[in-house]
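Working notes, beginning with the structure itself.
Every chain is named by a letter (A, B, C and D) in the order it is written, and numbering of its residues begins at 1.
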Amino acid sequence: MKAVYFAWVRERIGLAEEEIAPPDSVKTVGQLVDWLAARGDGYAVAFASRKSVRAALDKTHVNAQTPIAAAREIAFFPPMTGG
Amino acid sequence: MKAVYFAWVRERIGLAEEEIAPPDSVKTVGQLVDWLAARGDGYAVAFASRKSVRAALDKTHVNAQTPIAAAREIAFFPPMTGG
Amino acid sequence: MVAPTVRVQVEDFDVAAEEALLTRGRRDIGAVVAFTGLCRDEDGALAALELEHYPGMAEEEIARVAGTALARWPLAGLTIIHRYGKISPGDRIVLTLVAARHRAEAFSAAEFMMDYLKTRAPFWKKTHRVDGAQGDWIEAKAEDEAAAARWATKSSDPAQ
Amino acid sequence: MVAPTVRVQVEDFDVAAEEALLTRGRRDIGAVVAFTGLCRDEDGALAALELEHYPGMAEEEIARVAGTALARWPLAGLTIIHRYGKISPGDRIVLTLVAARHRAEAFSAAEFMMDYLKTRAPFWKKTHRVDGAQGDWIEAKAEDEAAAARWATKSSDPAQ
């Protein structure tokens, strides 16, 4: 699946997007965050405060409990500051 | 003093404005309304529903209890429908 | 202290031009709310509205309510324009323009101004009907009184 | 059913032109509320804002909130334009334009849209400081969450 990152999540990870292939044991958004956070220092810093990072699955807001299922794109970003 | 009338108060009385000279016994806005209402049919119809007529003394909203005192202009009109 | 702009006029107004006047050269304004009131045709029954006003008092009363809004919210600018005379369906009647640092006070002040204009500014609307019949004076609505009443506070009710 | 106009763009927008598009030829609109959000210079400290957005999701999310507003209030028209990219102090960032028969629903829908845009639309603002220092990302405010939360109802909370 494709992972996309925005704002300081993007800056800390050092990538705007990447293809990821989490193991089958990663079933929820929260489990995917845990798996990503273990990939390296940038990821660990980006996800250090779990509650400061929001997620969207195929461009719809989701929470940590949401199953990833067959989603093609997952996005991680800080709380939004539009308007 | 000058009396000015607006909207259907003006139409019913048949005048936009006039000079009036109420007797000294007329001390409040309410008493002035009673005095005017007795001046003729148009006035009686205009002031038939006391609560439907609003008043302003020298261009400031007032109520029936307000003393006329040395006011130079009194206005009578229906509830406002601006905006 | 911000001075409000208040105009009562026959002519139409230009919302964009008024907005530019209020914000030009400013870098401290984060929110502008522009409310425009338009003449509706009442499902085709209305040919025009005739707006009568009390010259002098209309301007004074609007300025007084504007002063209350400026005392109540921290605003950067406030413009109110109210037309009178004959107005056709689709035409503009009234503009309330509020500039502020933040959106909450801009929205509140604009809605407050409109609620008070409806019930306190000396304007009256007579309808001209499409069928040529002499129209009636539009009656004041209880819901407009209620809308104005919800802004009342002990310290700053312009109705006092 | 009214279809909202939603645009996410780099270019500035013209409030008057958008308002004309929404009201032209209509005689059933009594109220138009235009909210414009502008870039403040934070008392001279800010050189510019850099707005990042999530292409695709930004449009979809705004359209979804607009759909909720249209289901909740009887509106005649709704336009939302949100810019991204580099924006200087004094420049426009966002427009919410609501047309309706009556003012109460126009004000409510406009404020609802702005409260939800603040907390739900995927935009992020980075500051560029006048002193040339690398600016920070603007943090989400608890008061914006609270402002959005007050619109929640069992039946129509777009956060659900």
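The working rule: a contact is a pair of C-beta atoms (placed from the backbone, for glycine too) under 8 Å apart; a residue touches a chain by one contact, two chains touch by 3 or more.
These numbers were taken from a predicted model, which means no experiment stands behind them.
Engineer: Among the other chains, which touch chain A and chain C together?
Structural biologist: D
Engineer: Can you check how far apart chain B and chain D are, centre to centre, with Cα atoms defining each centre and the answer in Å?
Structural biologist: 48
Engineer: Using mean C-alpha positions as chain centres, tell me how far chain C is from chain D in Å, no decimals.
Structural biologist: Those two chain centres are 23 Å apart.
Engineer: Counting only residues that touch at least 2 other chains, which ones in chain B make the list?
Structural biologist: Residues 83.
Engineer: Chain C: which residues touch two or more other chains?
Structural biologist: In chain C, residues 37, 103, 114 touch at least two other chains, as defined above.
Engineer: Touching pairs of chains, all of them, please.
Structural biologist: A-D, B-C, C-D
Engineer: Going by the contact rule set out above, which residues of chain D touch chain A in the complex?
Structural biologist: My answer: residues 37, 51-54, 56-58, 60-61, 82, 93-94, 114, 117-126, 137-140, 144, 159.
Engineer: Which residues, counting only chain B, touch chain C once they are in their complex?
Structural biologist: 4, 6-8, 56, 59-61, 75, 77-83
Engineer: Where on chain C does chain D make contact in their complex?
Structural biologist: Counting only chain C, the residues touching chain D are 14-16, 19, 23, 25-41, 43-44, 89-90, 101, 103-104, 106-107, 110-111, 114, 147.
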